[in-house]
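Okay, so chain A shows up in both of these, paired with chain B first and chain C after.
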Partner chain A sequence: MATDIQISIIGSAGDGTIAAGDILRNAFAGMGYKVISFDVYPPEIRGFGKCIARMRITTEQAYSLKHKSDVMVSLDDSHAIPHAGELRDCGAMIYEQGSIVRLPEGGHMSAHVGPGQLPYPLPIRELSEKSTGANRSRNIVVLGFIAGLFNLPAEGFRKAIGKKFRSKAAAAEASEAAFKAGLDYAAKTFKLDDVVFGPPVSSVVAGSTVEMINGNAAIVRGALDAGIDTFFGYPITPATSIMERLASEMPKRGGRLLQTEDEISAISAVVGAGFTGARAATSTSGPGLSLMAEMLGMGVIGEVPSVVFVSQRGGPSTGMPTKTEQSDLHMAVYGGHGDAPRIVIAPTNVDGCYRCGGKAFEMAEAYQTPVIVLIDLYLSNRYETVVFPARPPFEADMNRKPGKQAAAAPYKRYALTADHVSPRSVPGEKGGMHVVTGLEHNELGRPNDSAELHTAMSRKRHEKLKAALRHPDFTHFKRFGDEGPVDVGLVAWGSTFGECLEAMLKARGEGIRCAAMKVVMLSPFPTHGVSAFLADCKEVLVPELNYEGQFANLLQANVARQVTRLARVPGEPMKVEEILEEIRRLAGRGKSAQKAA
Partner chain B sequence: MATAKNARHHVVIGSGVSGSQAADTLREREPDARVTILTLSSLLFYNRYDLPKVFRGHRDWREFLAYPAEYYKDHRIEVRRCSRVAGVDGPRRTITLEHKEEIRFDTLLVASGGRGYLPEELAEFRPLMHPFASYTEAVTAASLVPDRGHVIMLGGDMIGLDLARTLIDTRHRVTLVAGAQTFWPHEVSDEERPGLIAALEKMGVEVIESHDAGGIATIEQGAKGLSARRVLFKDGTELHGDVVMPFFGLSPSVEFMLGSGTDIERGLLVNPALRTTCEGIYAAGDVCQIWSDAEKRYRFFYGWKNVRAMGDLAARNITGGDEPWVPAQDEKLHIGSDGKIQSPFWEYH
Partner chain C sequence: MGDIKPVYLEEKLKEIEESGRLDYRSKTLPTWCPGCGYFSIVEAVAASLCELNVPNENAVVVSGIGCSSRFPFFVNTYGMHTLHGRALPVATGVKTANDALTVVVVGGDGDGFAIGGGHVPHAARRNVDITYLLFDNGIYGLTKGQTSPTSAIGFRTPTSPYENPDRPLNPLLMVLSYGASWVGQAYAGRPDHLHKMITQAMAHRGFSYLHILSPCVTFDKTHRTYSNLGMQVRDLPADHEPTDRAAAMREAMDDALPALGLYFREERPTLGDALDGLVEKAGGELPGKPAAKPARKAARR
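Up next, the complex of A and B:
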């Protein structure tokens, strides 16, 4: 029996909502299910903002969260009540049955459980206090109840709880007691909902490993497997955990990490380290990328390998730091002064984060240029079960060495070659002495601003990137769904592609000829491959999370084709239903099409 | 749910036959009003008279619902499930729920029904018995009785005897420990009783008169490998069965109305128009005692048709009517031409 269950836990900061979600997704992943998960939390560091942990547990690969959950847990009714309608009919609504304060009419979840939903009021606080002497373990009580109600192996939960609290013996002990209290309560509860978990399906290839991991952690893993040895950064939501993870992992591998005073220093140091031959990177978000723009230009003109991981959030300025958005695409592709082409790649899922996180270093070295890996908060914080290969799929060294010939003649660091990539020397190499400058320069690296040379060097810096469109073992773009002509083709990038894929599959289920293309390589743009796809599409839909349709702009700048934009800025992932409705409309199906007609 | 400004808020406590009928009538007669049902049940209104079907293999609660979920959405009837009323303040027109939420009402209909009554001398054995008053209790009991299993039925009110008919029909064994509540709520004379007991036996029910065996001494968990329950009588008689199910009639659920400003005897006292002694509060169904001018006393009326008619009448009177209660069904127990018992309380739908 196939499993496709989504659980949402909603509470206030301090309720342990995110912690409960973390334990739950690890428990399910440990049991062998596939999990996609995304947490929403408030921008305030302290306070009582809303936290939501959502996870979709499946046996078949899923690509996004569902619009409606099958199970919803309220740890704080004031935050959960507005979401009550997001529970499907016959789904389970789990909430605190009592209250320690007087409530106004409608202030309790029982007032909002829809007639089709199944209520499970629990004495959560009482169970926590009785089992642990405090109400802090309410979140763990709920986990015990979930394990019991849905007949899930308690051992899997206990393992995940133990892992979470491995360095806190007292918390681990209290959690065990609270978990048991919830489990025992479930044993006395009559199950009315129709939520059923089938057995997990293992599809792991021998030698590979499966891990529950989020986008930022996957980027780190990819960077480490690709041999990152130097990192400079400055914390910023939602990229901070990249630096945090690297800070604990890099010293174990002989790497160096330094928190600089700001983003300008960070990117400057990365370019400096890249000049010396290090595999160097930084991570930031939109505001930090703005500060890095000038030094990225330095990396471009100096042809210095450098990697920047950018996780987008709602902008501009401080904007919405804990909300997701895809509105830094223009900045990533075009941001900066002068003609400063760079490679921009945007993974579409957590597995892609791992691959792009490693491949970015290969590309930076192979094409001697800054590479931006562009993700967003949704992908940074989204957890998925990822199968990691037995051997990291990254090349340790992609440098084109100067070789013996360079030693005999004056070394031309910026030699104009057939493929526009020059032999690269690093400081200390015999015969490889050269100058790197922000000034336009000749092949030797010496300042020169003649028209001919500037034209030749500009061409070199642009043309060499085209080879990145053929970079080996990398998915630049990929088509899914129906082959041949289709009524509607979706083109998407980044985290939104998961929702597009789900919508496309549903549309096909409704008999609409439909296909979807993900574009990972944003710069240089894979014009040829995308054009071929668009030629098959009667209508083209471009869903993305920004206001004006930045990817649609990029697409139309490269491919002369009318497209329908579905650009939204809700601060949260796009809804599959919304995309599906637009597909139906374009295909001349459904209510919206009839309305338009 | 959107309601018109200044629309009245009608609250119904109880989602059984009476309360649900009342909500339906209230909606029909006052389309702009806000109608809220408060119920302890986890499920929407289901017909408890259908519950014996669980022994025929029907275990999905959706089969028992009287209306689908859409009905409540379409009719704009709010149903607050798992909501226990802690108290009612009649003069302030406020209900306090156990979780400390206050609900204002313009009119209140109490249709909270009754819970299974258990004689005090048997109360200590409650954990060893399996009641049959709700869907969950019915399914739980049914899951414990194997094919051709043995049910020991205590008391034998008409709800229990209705179940007994199904159990016999599905080839289960039923032993009735008969007593004062057998045939409740029918009032059976000493002269009628032997014939009715004989009719039960003809239907296939084994009957033990409790007082003949000296009364129940104890109820125990059966020994391992034997039946799950053992009932010992004071004269040494023993019964072994899979479950022990109590059927001693109903006790009105009125404790939350104490201090509400309404008069209570065994149930809520109402006049023939089903109004309590507190303005704006009405009662219907198994919870209320209606003044009978003919009998010069307050009395209960039972049975599906009666409680439904009471819910309908109360709603009509809440919305401007002033009609008196007229019983909707006969209350006489018969022995049919086939020699089997026939009760008007078994007639529903």
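Up next, the complex of A and C:
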């Protein structure tokens, strides 16, 4: 039987909510299940803000979280009560059974468990205190209880707990005791037969490895597998963990990472390093990308390979640093002054983060330009089980070298060629000397602002990127669902595509002819592929997480076509139900349509 | 202006030819106004590169934007003419990616201490192994003569038509306090001394900062002129001890009569050394550093 179970743990920052979620998803991944998981953090570092650890455990990789959970754990009723309605009928609500005396009216979960939901009040605090002498291990007690309740192999949990507390012996010991207390308690309670874990399905090809990682970690892995040489960055949520991970991994491989004084320095150093032939990158979020705009233009006109990983958060300005949004698309694609075409790729899942993270270096070299990899907080922090191939699928060197051309003086760094890419020399190479300049220049790289040259060089910078639309071994866009003409076609980008895919599959289940296309390469825009798809669609729906529909704008700038925009700014992933409802409406099957029928 | 003479001598040119290296001056003629102090700087830099035997292709000259920043086009090396104020971080990237290169940064007072002022402390404290030549004319030359952060109080320019209300910065004092490991001052009107100082600065392992006083003959007819500077500049006292940072700072504070010479010098690990240290700490392998090959490449995969 295919497994599809979603678990949410809700508590406050001090409850170990996220830590419990981390152990739980590692345990499931270790057992061989597919996991997709996305946590919610409070904006403040300290205090008692709300934390939610959520994961969906499946036999086949799921594309998004579900609207409702099958199991909900409350470590803090004040935070969990508003979410009680997100537990499905016959789902299990696990909460503290302890005293309600000192709580305000309605402050205890027992008053909020819905009629169809199954209450599991536990003495969580008592079990923790009895087993460890402290109440700090309440989160681990709950994990033991879940293991027992669902008959899951305790060994998988113990491994994940051991990994979490690898360097803290005392905590590891306490956790072991707390886990056992929860496990034993579960033996005394009634079992839930509505939520059942079937056996996991292994889809691993020999030589490849499966890991459960989040989008930022996948980008790091892609960058490392592509042979990143240097990294320069400045911390900013939600991109920081890219830099932090690279800081510990790169020196192990002889690489160099520097925390610069700001994002302007970071991108400047990337352009400097790119000039020398190194594979160089930086990572940032919207505010940093704003600061980088001028130097990115320099990378464009100087034709210097450079890679920027951008994880979006709510904007503008400092906006909502711990909330997700897809509102930096315009800046990524168009940002900065002048005609400054660049490559922008936006993966739609964690596996895509790995691929884009590595491919970005290939493209930067092959087309001699800045490449932006655009993700968002949701994808940065979303965990998925990813199958990594045995050999990294990235080319080590995509440079077009001048060879003999350099010797044939004078060397033309910006030679106008048939495919608009000029052979590039790097410092240290005799005969290849040239000056990279932000001024408009001639083929030699000398400043020149004649109308003819500016036109020729502008054409070169734009036209050379077209080849990126055929970059080998890369998914620029992809269609899913029904083939041929459809009633509703979804076009989406980035993290939101997962919800679109789920919604599309559900709509098909309801008998609606439906398909969805993900667009990964945003600039240059794959107009041909997208317009061919749109020609098949009676109605086009574009869901995305920004106010106006920035992707819809981009699409309509390239393809003349009416679309329905579903643009929302809740600061969290879009709800599958909301997309589905819109599909129904467009297909003439909306609630109102049904009623009328 | 009479004491400017080319330091790039015929014998040198012959020597270059014999060594198989190229002339360090490019065929592009400088676009500067006749008489501008910058001419003597380009001659001196070419002569120093020659003297230090730096192969042309191993030198990278990085600049920002300004009259001074046009410099890379006038030397026969690799070069980057970047953005206003961003030469230092770009150069940090160049040097971090390839230690084998000789990296020289050039730029104006506006470029380095107005828009790019935030980068100087960090290049200095990290001891990036580059040479920073700051061309201080106390004015924005390229944009036609506006006030700069080193303009004198009371100076009149198109953006301060009544007078400049701001007091000038003291770049030497700042750089000394930022932790630069080599700090000196020269004057474009004394080309021989300038050349010696540039050679020393480039020979120093670490962040070397040379402040070069240079007149803008076109837009400043009243303050930093050859005749005024000629009367003001003095040599550092003969007994100045260049290993004494506090003494160097005391000398730097007397900016009414600017002293030329080596203010401060110390040996300490460079940014490259520190980053190599991290590789060792992490148990990684240091990539071989073949001369001027992209240094990190070897470590891939």
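We adopt the following convention: the second predicted complex is superposed on the first by the 586 of 597 C-alpha atoms of A that agree within 3 Å, B and C clash if a C-alpha of one lies under 4 Å from a C-alpha of the other, contacts with A are read in each partner's own complex, and residues count from 1 in each chain.
Definition applied: contacts are C-beta pairs under 8 Å (C-beta built on N, C-alpha and C of every residue); 3 or more make two chains touch, one makes a residue touch a chain.
Model, not experiment: these values are computed from the prediction.
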item	value
Joint occupancy of chain A by chain B and chain C, clash or fit	fit
Which superposed partner A:208 touches (first chain B, second chain C, both, neither)	neither
Broader residue contact with chain A after superposition on the shared chain, chain B or chain C	C
Partner chain in contact with A:110 - chain B first, chain C second, else both or neither	first
CA minimum distance (chain B, chain C), superposed complexes, angstrom	52
Complex contacts: residues of chain A adjacent to chain B	89, 97-108, 110-111, 113-116, 118-121, 190, 192
Chain A partner contacts - residues on chain C that touch it in the complex	28, 55-60, 62, 65, 72-73, 76-83, 86, 88-98, 100-101, 118-119, 121-122, 271, 275, 278-279, 281-287, 291-294, 296-301
Chain A - residues contacting chain C, complex	227, 229-230, 232, 248, 251-256, 258, 260-262, 264-266, 268-278, 280, 294-295, 298, 302, 392, 396, 426-439, 446-447
Touching residues (chain side chain B, partner chain A) in the complex	42-44, 61, 69-73, 78-83, 97-104, 136, 139-140
